[in-house]
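Got a structure for you, written out below as structure tokens; questions coming shortly.
Chains: A, B, C and D, in written order; residue numbering restarts at 1 for each.
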């Protein structure tokens, strides 16, 4: 049926070459996935370091290590790096790259050279942002609101804007590549409704990437031209409207939130089935809810602007649409939960990450309704309530799933098993550390502590100290995998084809997969998630 | 694939639409001329996409993507532009 | 046309599959480009809506004659490009070469007209950050010209890329490095991009020159 | 209070009726959320334990397709209908928040990096502290001199952006005296976090005393009258002018017909535009000769000019 491990196993993609050139200029989707994994890990720790400093500084209401200006630069760096250089590329560019061709039975993406180019563009863009950071920082916040960013900011807005602008091309090209790949490279018999839900979700993400990112490009271009050439576009002195900037920015940035979280949904569907050993509950409903979220995501951007001078009527329309988008999200949560029913649930580290995700995502989603409700948002917007809400979704949701995916597919990517116990401990630490960090922030927001505040009224100190304590747990939990995963590269047990006993084409080829993925093109005759696995491709040690 | 003559025909229609657009503008038809100009532009664009860009002979999925893009542009314009008149 | 197709890359199983992938890829790219220009149009429309008087005054400053000629030139180039694709598909090398060169010349003509316009407008003081003093009393008229220069500039850059691509195709045809109809797909892709850039102008022309006049 | 361990404030004062209603809605949504979260957590826990890999639980699935469809649609539709109740409730509050009542006490607010400037109708000015009377609707007419700011009073559960180039409104009726935090909630640069101060609610009598003490040479409108001459407005719009410029008496609140045939309400924003963006709404029948004062008149002076024009009775020729 497919390429099983044979007497003389084909060379894996890792052994395809050992020179730097073979890594940096290889068009192999798996190699590029590894390049992304390494580079976004670096960005994650830069952004994380900024977050750590921010939490440290907020231990005291009066500030004790940073000036106001330094603090503002820190949260900008945290936002810019985490949003554009970690969250957006995280799951799609690493796991999407690695898995999509394999999951649909293809040898590579449709445009391998474009894929390599995306990575180089991404790194080049990162250089601009790091440069902005090194030569003195940017103090606009990640939103670059006009007219502050165009006329008043004393930071290095230009290199930062250029960096984000360039990274957009990487996002667009990756999205384009995925869309074409899913349409055109599916193996014989791999119909749309036999695709793993991972592919559906990444496909929906790609649509958002392709349609939303160019609007950001234009917006940043206008900011750039206003700052460099003095061409006012949002300048109130000329009758320009700063709210127009916000419309254009959020037309991109709200859908971008779904670029960040849809891939987490993608991973969830894989994890829940693999560790429940059961067919997913409501396959089509989950598939279509991904597309619905991608589409509806474009209809709600105005909910960021309820108090920004937007029309009240338009605000109400955006509000009701924002409530609507909760429905497909809730459906997914119900279906993942129902997938466990009548299954054989095991609690390996990836599953713990997945269960943690449901908990954090549900809280994040429900608090989203508070800020989508116009009348409530007037008080909550721009406070720590919003900060907590989106960190629950972005960090609690996406980052948990990113780590879940990393643990789940690590054996496939490297051929080695990581030590199980540290993995489980880290999953638990992330969940509880996260709750401790961000739960107090909901209360802070409710009490009226505005976001981006370096100095704050002293009565907020206790809650801020709790939050910082949680952050220190998170710092440890996010760093620990670096060590035990690195250890496993050399000393880990060999993984074999299918260490989890999971379904899916990627578990039918050797770990790490050969350069060509499949010796012969697989012909798919089964539905997605055919649990319990009938003709068991059981986990077995390969005989090397 | 249409004949060469067909493409020339489309070209003539495009020029005619441009002519009408100019006439509408120069005759000062009042507030309607703006809408009319945009409708004529849309008509020309549809002609170019359908014939010159060969969408007519392309697979359904390409047609779907072309329409989809228009829908998302309409979302941007309708929801975005609704803000100013209702403030 | 399916009897003469280029070699297939390793990730594809059949030439038709590769061709369809290339086409879809280009259309998705154009979708993305459409959103890029869409945002510029959105900003322009908003300012037409909230500053009608200033936009009217500003629009009246543009040279309608060169605008119409430029538009007609681009509409013509769209047709020559379509004819080039047809000739390529049907393997008529010389004809393809002629219409491609024609397309390049039309593109260059448009760019020349645009550059002439810009110099003209600069002399009138309409390029707000530099040059002679801005002649219009309404501050919002500056908003218009700022957007005018960005949108026409962005379009001109896209067109310049198109000219290079078409010229490149023509050169490969001339030097016999490109075989027709085997490499029709290249002509087709370049053609789609070219006509997309034309469509941007089809909307840019009335938006900038006509609606507020 | 031990300064090292300040007391957390877990309850916010309910300074207005809006705040009271707000808390009810917040509470209702919290209950909804807690019920929802608990249900999901219990379901996960139950399935996780009952169907753990080693358990002998029965795995034969008897749910038919039809009941699955019913299940799927009910768990998506029922929460949605419940949510719509919250949408309507919140929407009603939002509309109320956006509509200041007629006859409210109007206080002009200018945001500036990094301070809030307030100006009472009598001309009394203050910075970062806002005194208001108890029980009387107060309408803040806000703008900004530089970047976007946002006035936020947690005790009132309201905030609104102050945007350069236009006026926005925020209103409330305080129902308890006291001193409450007032913040800038929209990031506005280096000292964003210290841009703020106090809202002080006083009894009407105390407020009057405070107004008298705060003293001022001129009311807003009076100061505006002086500026009207200083900036040369009276040269064209004045009684003895020979220039064909519209009369401003009784203009405020009327509907103006513009040259291009639109009808525009002459409110604060309109008068502001006439001064800073002339030509945007030029009155029908007048030549385009109004000079552009954009950048030449500070936000504070603009407010005074508007107050003055507003005070002119119909027919008056200043």
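Simple rule for what comes next: a contact is a pair of C-beta atoms (placed from the backbone, for glycine too) under 8 Å apart; a residue touches a chain by one contact, two chains touch by 3 or more.
Every value quoted in this text rests on a predicted model; they were computed, and no experiment measured them.
Chain nearest the geometric middle of the protein is A, using mean C-alpha positions.
Chain B and chain D have centres, each the mean of its CA atoms, that are 41 Å apart. Between the CA-based centres of chain C and chain D the separation comes to 45 Å, rounded to the whole angstrom. Chain A and chain C have centres, each the mean of its CA atoms, that are 35 Å apart. Residue numbers of chain C whose C-beta contacts span two or more other chains: 20, 24, 28, 31, 35, 38-39, 42, 46, 50-51, 54, 138-140.
Taken residue by residue, chain D touches two or more other chains at 276-277, 280, 294, whereas all remaining positions touch fewer.
Under the contact definition stated at the top, the residues of chain B that touch 2 or more other chains are 61, 69, 72, 76, 80, 84. Contact between chains, using the touch rule, shows up for A-B, A-C, A-D, B-C, C-D.
In the complex of the two chains, the chain C residues touching chain D come out as 51-54, 56-57, 137-140. Residues 101, 106-112, 172, 175-177, 179-180, 183-185, 210-215, 217-219, 221-222, 225, 229-233, 235, 237-241, 244, 247-248, 251, 516, 521 of chain A are the ones that touch chain C when the two sit in their complex. The residues of chain D lying in touch with chain C in their complex are 258-260, 262, 276-282, 288, 292, 294. Here chain B touches chain C in the complex through residues 1-2, 4, 7-8, 10-11, 14-15, 18, 21-22, 25, 33-34, 37-38, 40-42, 44-45, 48-49, 51-54, 58-59, 61-62, 65-66, 68-69, 72-73, 76-77, 80-81, 84-85, going by the rule given at the top. Looking at the complex, you find that chain D touches chain A at residues 3, 5-10, 12, 22, 25-26, 29, 32-33, 36-37, 40-41, 43-44, 47-48, 51-53, 57, 59-61, 68, 72, 75-76, 79-80, 83-84, 86-87, 89-95, 97-98, 113, 146-148, 150, 152, 154-155, 157-161, 163-166, 168, 181, 183-194, 273, 276-277, 280, 294-295.
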